[in-house]
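Have a look at the structure that comes next, please.
As written, the chains take the letters A, B, C and D, and residue 1 is the first residue of each chain.
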């Protein structure tokens, strides 16, 4: 069992703040929870925290801090000790909006994380209060109406080293990975829960460090992914990869580039891993050459495009 | 083959104009094409005409004029002659927004119709121009985002007389009907195309005349019907019948009451009738007692509630 | 209005009769209605005629006779006269299983057709009788469980000449076509109904005549198309094009090659054309270069692979 | 975090063994893994263990032993100690097919459980080997093609006592419950994972003990639930509650009675609970009177019908 509860929230920088904000609000259907200088705090109707995305007006695209919530105060302390033992720890911060003290660290590739336990639960204002009390917010149905932040894929020069750090120090569960014929590990799919993936590392072909591959937002059905493609098409959003099904993890996907240049995914599905002793699936080079589940070849830009770390 | 091309546009009166307009625009996702005094002309993104619904601020709910487009100028003349022969004709009008001269008549139950051929084709403004040129308008994805007006169900004191008028004078095709053990016809499902139904008559238990049962708007998938129920739930729209599948015509449905009191349906599916000699399916009293396709009992209000004719 | 009611049934030849039959029965979920020497008559649960596909054990793949049902006995006579006037008529035959006398002709490219009106309506045996009497057969749910034959795409050396024949002599409605910069017509989408397409001609790059591009079978939902891809994948059927949405006609597709070598499609969706005066959409070379609706590029084999005519 | 990994396998008794087996194989689409005297071991294509349902020819309907897999050997020992401390333990058994030693106990209401850790992982024979190696079995697409066992709902005379036992001794997480105005707890929804529910107790109005309410099998999409209703309809399976969405836990459902008299559900959806400190949602009597998510009233038999324990 992982001592991480889940991934998020995440900071994303954009050099086109106005267009990016319009994208996340009008097209993706998120709500603005708060604004603070260059930062806008956004949430999906199914996010239980106050925000899952902090969009920051900047002079670049890319990812800032990636939050991780620990399972308990004790789990937080244990993970901090484990991180400190690796030498990658950077110390405690005061957290962020609605979130208590957080422990800052970097993964071996340089992506910045904050691990925390204390956080506020979202308390909707009257106009966003849902009819059913077991969901966090009202389903407004605006645009794609994404439900919540689901997972992140970050690029790394050395996938194996980062994967080992996440499994060993953070207690992530490793479900699938790719190993080329020469032994290079080019992808690792990890999760803190039964969901197919929450934290993914894929190899950065450029050799750069700390880059973001994509941030994925959840919808409950494949039909919503198909509908999202129609919405992107008619809103002029660049579709990088049309809806189809991944072989790895079995998720259904739609990929595109938001106006600030960051890659985003609308996702659903994905297998559940109920076995506590589930063996890690290792995909070979030959198997990956078959493309996605139904034979769709991965688009070339998927292997090269990423957005840089922002300090 | 029917000489009617299709049904619509339709006039709907509402005593709560502001709330009804908000419902059709924000919840159903229609666009405002024009406004003229108490009337607002509305359209779905897939309607090829300029408008399919004319919402009229009034002191009552209910239906006004129901438009029917003839297949050709010649078909229009032939149908007018046939209507005049029945004594139900009322004469030519100048039409309405974007529509040429129209022939006004009433069915035996008193519902008002206008039959026309000439009409403008929708020419979207830049911000509503679709990416693919074989659809009329942009898919904005707002709320339910209904595609177009699909069909209408009107109540009648004598279903059989009205059905015979529609088949004989208007050349509708009759696909399904209900006949009780005592021989009373309590419902008739007619279409001008291969679609399962466009014009439906059901028996008015109150014995009143000219009432509207419901107006149905099309979405392309059942998932959109399910999603529509979530949207209605969280917008405080009264759900009269939750999504399920009709036995008759096989359509998938969601029924509710718009803020002006008129019943509306979000619909998809329904069988296609390709056989030119398709026999009419006659449902018996015992068969109807089984409920809808999956056994859902028809809600009681469905048999009693309707909105009145507006002169 | 077209005087053709609909397309089908169709003859398909296969050099791997056993595997092809297993494909259509076990994977596509069709029922065997009759067998006669090398021919097996197959149907979908929603086909109202006794059969929609005649699979013929042969030494080649390819299409035999393509049936078209006329709207009425009078329409049949009028269309035969029009065909005879073109010099492409070949005379009357005795029809086929459950079908009366039929008029044999060829289109300019040499594909063989039979036009008929008289045919038997399917009368299911007890074990295939549906619970609801407005569908032709029981929904057994075996494999993909296709509902019915939907449309055909045939290759032609000269698309325009064949399209003109279909519109002029057969009264098909022309909804969409492709015209290259040099004026060549490379595709034409025609229908006898409001459905987006039933008879499609696309240019045969090889210059051959009479070839089949694909035969398409209908399912009611996009989810069934996605599920069909899973079923093909796990039954070893070659997926040529994974599920996605066409720009032209807006249909949702899955393409593959059945064991006999013929291309088949599982399809749903597609726009409805309600306007009697709908203008034909003409796609340019530049527009087609954008790929399908969501940007998926058409697979190369789609432009080159076809199966030959069988005399 | 729960020390239980997941629920299952389950034993189900049937007085109509042949018809029940045909139901689970042909209609639900399960595979037979083994047979042993009166018992048939069945699995869904997505079950990672060798079997999830043991169907036992018997003179009654009802549930036998309900299996629970512990997270680890150590978790197993800790839970056994906790159970023994309650006095409800019965001792170790040799397990069952493909499962190691198991600890037998009863809940306060008398339902029989076996807790285990050791079990075989399913190794498919060639004809059931999937194309993608991250799923356990081939997707044959037969009938409903359920993926796996999902959850169980058992009736209890005293819901609160059983819920407390499951939370305290078994470490289940409690997500939602119903408390009437008089303080009676009439339902409790518990899970070992982020999935909305795995183990549910609802009040037995008859005051009996040890009864089964229903066993639920998972499909990945709502469309498959709708399709399942069509399949049940045409296979003569009694539909008790047509597809709709639960308010509690947000699952999508279809309920019916298998030929042996046991209630089964086809389910999908349901909320995910990512917060480690998620508060339990308590539904009041007034809230439950509103029916399911979209207002569908719970069928009366749902409150009264259950099948007895089998020793």
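What we mean here is this: a contact is a pair of C-beta atoms (placed from the backbone, for glycine too) under 8 Å apart; a residue touches a chain by one contact, two chains touch by 3 or more.
Predicted, not measured: the structure shown is a model, and the values here were computed from it.
Engineer: Would you mind working out whether chain A and chain B touch using mostly the same residue numbers, over half shared, or mostly different ones?
Structural biologist: Here the answer is same, because the shared fraction of interface numbers exceeds one half.
Engineer: Does A-C or A-D have the larger number of C-beta pairs in contact?
Structural biologist: Counting C-beta pairs in contact, A-D comes out ahead.
Engineer: Suppose each chain is reduced to the average of its Cα coordinates; what separation in Å results between chain A and chain C?
Structural biologist: Inter-chain centre distance comes to 44 Å.
Engineer: Using mean CA coordinates as chain centres, what's the gap between chain A and chain D in Å?
Structural biologist: Centre-to-centre distance between chain A and chain D: 32 Å.
Engineer: Where in chain B do residues touch at least two different other chains?
Structural biologist: Within chain B, residues 132, 221-223, 230, 233, 293 contact more than one other chain.
Engineer: Write out the stretch or stretches of chain C touching chain D in their complex.
Structural biologist: Contact set of chain C toward chain D: 27, 130-132, 138-144, 221, 223-224, 227, 230-231, 233-234, 236.
Engineer: Give every residue of chain B touching chain C within the complex, in rising order.
Structural biologist: 1, 5-6, 46, 48, 69, 71-72, 121, 132-135, 176, 193-195, 220-223, 247-250, 269, 271-272, 274-276, 278-279, 281, 283, 287, 293
Engineer: Hey, which residues of chain C end up touching chain A in the complex?
Structural biologist: 222-223, 226, 229-230, 233, 239, 242-245, 292-296
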